[in-house]
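Take a look at this one; I'll ask things after.
Should a chain be cited, it is by its letter among A, B, C and D, assigned in written order, with residues numbered from 1 in that chain.
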Amino acid sequence: MNTHAIEAQYPFKRSTSVQLRFNDIDALGHVNNSVYFQFFDLAKTEYFAGLEVNADINWCKPAIVIANVNCSFLVPTVFQEPVEVLTQCAHLGNKSLTLLQHLINRDTRELKATCATVMVNLDPETNQPAPLPKVWRDAIVAYEGHE
Amino acid sequence: MNTHAIEAQYPFKRSTSVQLRFNDIDALGHVNNSVYFQFFDLAKTEYFAGLEVNADINWCKPAIVIANVNCSFLVPTVFQEPVEVLTQCAHLGNKSLTLLQHLINRDTRELKATCATVMVNLDPETNQPAPLPKVWRDAIVAYEGHE
Amino acid sequence: MNTHAIEAQYPFKRSTSVQLRFNDIDALGHVNNSVYFQFFDLAKTEYFAGLEVNADINWCKPAIVIANVNCSFLVPTVFQEPVEVLTQCAHLGNKSLTLLQHLINRDTRELKATCATVMVNLDPETNQPAPLPKVWRDAIVAYEGHE
Amino acid sequence: MNTHAIEAQYPFKRSTSVQLRFNDIDALGHVNNSVYFQFFDLAKTEYFAGLEVNADINWCKPAIVIANVNCSFLVPTVFQEPVEVLTQCAHLGNKSLTLLQHLINRDTRELKATCATVMVNLDPETNQPAPLPKVWRDAIVAYEGHE
């Protein structure tokens, strides 16, 4: 089942601990698949908030939206398991970027799930893809330490 | 943004209307991305429940688990929008199958999101991938009308 | 455990069928307590949308907010159980109203949970309780058929 | 709107920080009401896990279930607001106990919501209320420091 897992090319610089809730667990006794995306979104928010951007972020009027997610579920997550999400920008395109995220057990470092998210910058006027703002591009390159 | 959308090779025979809830909508005024997977899961349950399988389904002890999802978000879904999920088995492998699902507006038939889910059959003893049970394979072929 | 259940004084005129989702079920095999409030909110939305109000409803800028809920859980709800929410306005005060809601099994009419919700009208300027708008009061009285 | 708020008779000894998620926020820009109960449940789990009970806790086969919640919503909670839940056992009956919980802003100590939860011990054979196990009663009295 590991064939879909997405390899990281660079070291992860951002780690986000996740607090599990009782209702994250479904009838199978595992964290429900849909909840993994709540974790990944939480870590995305932290990733972007941790960048040094010379601009205000309006979380409720985003220009950069999620276009595609590709997530492989490798090992189930159980109640009270300590987990964290590692996040990196794996690709920085002209109008889009790809975040790579790993959900791991905080203690054993076991890889639970790996998710690539393509985010696209939209022009608020036309709602069409537009070049990523330079302040964001610069902030990501500065944070990740490579193009 | 449409490049990631997954094309359907066969007609969809299964449709599942989805009842939106107020809290499905997030601060952006759209159905939150993570909620789409609740919709797709709901429709998967209906898809499998609608097959004529000569075996009991134990939803709480599944043999067939989700290994990978690949979902493209094309158009946001808003509060009180009528939506439905179309589901088909797009690929039937030896140990895995791929479900293709489209979330559409029930009235306009506009495509909102498209998701491919790879599901793998696990041997309950070893937890390793194992050939799909013949009763399931037969039921899917009979339902879809092709191999 | 039935002592907390809230009796209905009037017949329920509004019924809302609820579509259960797989992830509504928690590790105990029942619909999670927190999910009941998603059901009750869904039915509140339908209740208000079903009134003949001579005014537009802006669901995203509500004047009438939830101040208190009092919910008794009588019988667990299980996966694929057919359920519906019955809703009535049980009390119409000057600045507040109380909705009474029953979650029942659609087939057996078994009472699963009963919830009283106090909703208060807020003046958008001061954020303080203010008299309920007359159009709402009239619409509720007309719908329920009594003061 | 403060009249329904439930006063604490004793000091709170248990505090649980809550990690907000992006999708906790609904279309109104506030943490959705139903999500408060996820927070309170999380804090209940921590409260019970923090007791020194001479017995194993099986979270997935609870004997003590939620019979009633009475929650007052005083002040909305917004995205990225630091919040915590304070929990105490406010009443220890023969077959039931009442937990009192306050959701507060971690920095300003502003009270956001207050919730009383009645939990009943069920005999697993008959599913009827039964006296609270002595190990639990002793552990709660020892923790709270009073009867």
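Note that in this section a contact is a pair of C-beta atoms (placed from the backbone, for glycine too) under 8 Å apart; a residue touches a chain by one contact, two chains touch by 3 or more.
On a predicted model such as this, the values are computed, not experimentally measured, just so you know.
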item	value
C-D compared against B-C, more contacting pairs	C-D
Centroid-based (C-alpha) most distant chain relative to chain A	C
Rounded Å distance between chain C and chain D, as computed from the means of their C-alpha atoms	23
Intercentroid distance (Cα basis), chain C paired with chain B, Å	31
Residue list for chain C, restricted to those that touch at least two other chains	22-23, 27, 29, 34-35, 38, 41, 59-60, 79
In the complex, chain B residues that touch chain D	22-23, 25-27, 29, 32, 34-35, 79
Complex contacts: residues of chain A adjacent to chain D	17-19, 21-23, 29, 38-39, 41-42, 45, 59-60, 79
In the complex with chain A, residue positions of chain B that touch it	1, 4, 27-28, 33-35, 37-38, 41, 59-62, 65-73, 118, 120, 129
